[in-house]
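Order of writing sets the chain letters: A, B, C and D. Residues in each chain are counted from 1.
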Amino acid sequence: MSRQIVLVDPLPRTLDLIMTPAVRRRLEALGELVISEDRPMPDEQIEALLPETILIFGQTALPRARLERAAKLQAVFNVETNFLPNIDYEYCQERGIWVLTPGAAFAPPVAEAALGMAIDLARGITAADRAFRAGAERYGLAGNDDVFRLAGASVGIIGFGDLGRTLRALLQPFRNVVRVYDPWLPEQVITAQDCQRAPLDELLSQSRVIFMLASVTSENQAMLAAREFALMPRGAAFLLLSRAAVVDFPAMLAAVQAGHIKAAVDVFPEEPVAADDPLRSLPGLLLSAHRTGGTRDAFFEIGALAVADAELILRGLPPQLCRRADAATSRRLRSKPVEIS
Amino acid sequence: MSRQIVLVDPLPRTLDLIMTPAVRRRLEALGELVISEDRPMPDEQIEALLPETILIFGQTALPRARLERAAKLQAVFNVETNFLPNIDYEYCQERGIWVLTPGAAFAPPVAEAALGMAIDLARGITAADRAFRAGAERYGLAGNDDVFRLAGASVGIIGFGDLGRTLRALLQPFRNVVRVYDPWLPEQVITAQDCQRAPLDELLSQSRVIFMLASVTSENQAMLAAREFALMPRGAAFLLLSRAAVVDFPAMLAAVQAGHIKAAVDVFPEEPVAADDPLRSLPGLLLSAHRTGGTRDAFFEIGALAVADAELILRGLPPQLCRRADAATSRRLRSKPVEIS
Amino acid sequence: MSRQIVLVDPLPRTLDLIMTPAVRRRLEALGELVISEDRPMPDEQIEALLPETILIFGQTALPRARLERAAKLQAVFNVETNFLPNIDYEYCQERGIWVLTPGAAFAPPVAEAALGMAIDLARGITAADRAFRAGAERYGLAGNDDVFRLAGASVGIIGFGDLGRTLRALLQPFRNVVRVYDPWLPEQVITAQDCQRAPLDELLSQSRVIFMLASVTSENQAMLAAREFALMPRGAAFLLLSRAAVVDFPAMLAAVQAGHIKAAVDVFPEEPVAADDPLRSLPGLLLSAHRTGGTRDAFFEIGALAVADAELILRGLPPQLCRRADAATSRRLRSKPVEIS
Amino acid sequence: MSRQIVLVDPLPRTLDLIMTPAVRRRLEALGELVISEDRPMPDEQIEALLPETILIFGQTALPRARLERAAKLQAVFNVETNFLPNIDYEYCQERGIWVLTPGAAFAPPVAEAALGMAIDLARGITAADRAFRAGAERYGLAGNDDVFRLAGASVGIIGFGDLGRTLRALLQPFRNVVRVYDPWLPEQVITAQDCQRAPLDELLSQSRVIFMLASVTSENQAMLAAREFALMPRGAAFLLLSRAAVVDFPAMLAAVQAGHIKAAVDVFPEEPVAADDPLRSLPGLLLSAHRTGGTRDAFFEIGALAVADAELILRGLPPQLCRRADAATSRRLRSKPVEIS
């Protein structure tokens, strides 16, 4: 008899991490679950299941040979939210197999933290708490010597995907002029969110608050280096929230050390950061241990988005919530994976 | 010849603090400025000027005897933003002399900081920076053990004047259910801002984030004491931003110490806080030295609001921006000044 | 024994018109109601009640002699929403008697209709329906020859009280540049609503949609005449929603007749309009019989606003919802009543 | 030498209709334009050009045989905004050829007109103008006998694509409860726009204003018939703005004729409507000759969206603005074209 297998191979995630009980029940209604959570699913098991598999949740390697045997496969959900080069994307496209990732799950918590950190840098909240604990607090206007108001400040956003757009919505009541640099987008997407498209140098030199939200690609590593940090206005607030590799990290630290900018940093070249790394004592930094996105609700959202799209796909409808690994992107992925936090 | 004197007696403020050069020029166009900024204006000078005075900017004492001599006086602007009991408010009302204060000047910076601090407590931003500096940071989900999302959290606002309404607008993108307790307001003012009127106990027990924004009156001192802090849900974020006297301060600290709530505190029973006050090392506190309101732009806004209203009044029009010391309020002021930050 | 009389003399309104049963019950809780609804309350009855009257709901004449006998009177609510010159406003001010009117009750329905009518003029909705009924409809692009999009069109608002601000909020999603002319207001009130203050001529010449919302005063009658209509861009949409007297009505009709502008008109010099008035057949007009404000819910809102403020006043608190007849305005009222729809 | 042909075969559109000069210049920069606007491009010309064609703007038939010869083809833009069954969609997908349509171009003008018409039906604007012209107007409250306020009314939206979401944004200031029925969408898309997902019957019976925005598919023809119109509350406003075929048109007219509902209708089973069609004199109808979408700016938007996406595609990036004819949809298209206005 024909089976309808849902292959679940989610490591480093687990189903309990990414699905509430209610969402898991909806997953179970889609087919016969076969789950490997304590270790990656063994090759022989995968091979045995593929001919009856309709959906895959996980990062299972899917070269063409495997896909050719998976005649009933309709969709693959990457639940690490990171398209990997272990899938033959073009063959999936030919076959009409959806390759999807619910990467938008992390946008809301990161955006919320980004706003909090931007207010923090602008108004000196964490620094003032530190001074208070050290007995060096200053009251009233004296304590506001080098602060500025986020309201009305010029803002720059580098990278305007789910995260950038979610953040922009949170900024709406602050009435900022918001410049956006994102070379992958047409102007309409930017102006539709009440932002202005700007060249990178203009954004850097004209913005008092700069959010770095770009994913790493083969083309944008260390796109902000010493020259770019020097372009920022003195006293600017810089927030690094996507991946460390998009900046020249030592150049960023030097700009902070010199007092040219303040920075909030959630991602680092190596994690964990070395115990004796001098950045731990840099006054102009707001330090965050890669924790702006990974809230419990965000992990549950991974499952909620993926299962909702799986339900649509099994009804013959296009997915609505996950990002698609489409032809253009997949071609770039051959050379270098896009990492998306 | 008839003079039109604008009496400026602004201490503890100075004109340079509260007016940009452009606003000062508009003030100078209203009449003949007589200014005392290095000391309170001497009584004999006041007495001499009053018969020709049309406007007063400052906290000059104005008992009935003085007001009777000020036949041309049209308005008094308190630029400390604090109605004092040194004016005969009822006689001003009889005479149609406006007594005004541009207290709304501080609402935007306090609201902005309040939002930043609420995100900070919810997401553990300052605490995580402190842990990172101590070499004790935790990455990813492990670092988010006891955080919650501001988005969607239930919010309570105690005191819904300019500050509360400004804050509410900043919260709009976070889609919270917002309960408001303010016994001076009719329900319409609250529902017009997408909030629900709630009894105090319901607000305290149902809100995960509680903003204390009420001014001190004779009736509300220590309105939140041990019983009220116990009503708050475990892990709630409490923000004290108006005056320390509205809470039982030791009871609040005890609730933080016990780990029942986290708190952001901008106002203290005595300022400066004693060097050896143990609150300086309390982990669950976010400490701020009465600095959320006093930004440079807020002080300039005092002048901008006052001068704009003075211009209207001299044209025979009602003021639009400053708060009025009206009959009802002034009667309460007899016994006890309302303090407004 | 001491009585607490609430004197209700509401003609041309009646209590059933302006209060839901729930609001009426709240009114009854405030004191002992004495009501005259079938005729204006007779003088002798008024005189007899005044010494024990605490609140008046109605348009009762209150010269100084009467007010002096009303020792317990705290507030007068004009429920026609039209301050009349039959009250000694200055004596009320001296005594601290609130004179109030819930004029804001009509702002929401008028604003909603104003938006609908603006879209109607811009997009030709009523005109197209008329053409369709006449068998002269044109399909698709051909039917859109002389229409324009409200979205993005330049907008001008003349008079920026409750109505103008309510309308502005409804326009927010249309992303218009909105110019405001209101000489009674400081710039801050206008910019706080994302509008620009503009001189009248600039507003007229630069706006494709012009809302006339100004109340009549002694100074602004026929403020828009032939010269002003000529300033408007050809094809502009003009909406007259406050009082007919603020425009030179024949000049407005001439501008419509000439095809220079289109207009929506809710108020007329004489109402009802004469049966044979040629305006009834003018194609460029959208005709409305003084009905944008008077919806059932708006009348009920009169009572809701007035009773809520009365409750506050009896608790010794200032009113929050009704407009105050303050010193400056009342002085103007001596010469000429302000009419507010 | 290698040519890069942009094949333009846009009938029934023309380039001047869908592109401003600025957008056309951007199109010309993409390759060598070959245009057929006075007649559909002849087969032999198409065949000759295909091997060097990189982009197609138009509704050219593209069976597999043709596509196989178009080795350099990267994208096809349907500028009628209507996917037709004359393309081998699955082969395009296999090859990674984008098939796109800028259907979102019409959403803003239709949404704007929809809001205007909803206010019109709720407040009786066109009907009151008609009565005024007939000398039968009623003033004030009497003229508002059977109107209701759009603000706060319950709203139902059937079909929640670009148009539904654009409309929903315009409704935001009216604070309606908005129910959405769209079986192609997961709940998250609906709740993200502050709406509630509802079964069709609940939507119909609980909404005072109902917008019918669903495209026609093989499954939803006449989805609203006599039973469904009877479910609507008496006095409801029904707006038919997508395609006539989604309702049982005579049943809709009967519900209007009976006075059970009012309706605004922009689309008809046959267009033009017969000169003697009795619907032309039905009082409860607001008639619009398929003109809510086809404004000049909307046609220009077709070109702006298509050219912007073409620019991205030629840079190797995915399109961002046009709708994709994806695998799932194209499979449905085999049997029956989806029509999208």
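Everything that follows uses one rule, which is that contacts are C-beta pairs under 8 Å (C-beta built on N, C-alpha and C of every residue); 3 or more make two chains touch, one makes a residue touch a chain.
Computed from a predicted structure; not experimentally measured.
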(request) Identify the chains in contact with chain B as well as chain D, in label order. (result) A, C
(request) Could you tell me which of C-D, B-C or A-D has an interface matching A-B, in the sense that over half of the contact pairs are shared by residue number? (result) C-D
(message) Between C-D and A-D, which chain pair shares more contacting C-beta pairs?
(response) C-D
(message) What's the distance between the Cα centroids of chain A and chain C, rounded to whole Å?
(response) 51
(request) Report the inter-chain centroid distance for chain A and chain D in whole angstrom, where each centroid is the mean of the CA atoms. (result) 34
(message) Taking the mean of the C-alpha atoms as each chain's centre, how many Å separate chain C from chain D?
(response) 38
(request) Flag every residue of chain D that touches chain A in the complex, lowest number first. (result) 90, 93-94, 96, 98, 184-189, 304-305, 308-309, 311-313, 316-318, 320-321, 326-329, 331-332
(request) Can you check the complex and tell me which residues of chain A touch chain B? (result) 17, 108-109, 112-113, 115-117, 119-120, 123, 125-126, 128-133, 135, 137-141, 143-144, 147, 149-151, 169-170, 172-174, 271-273, 275, 280-281, 286-292, 294-297, 299
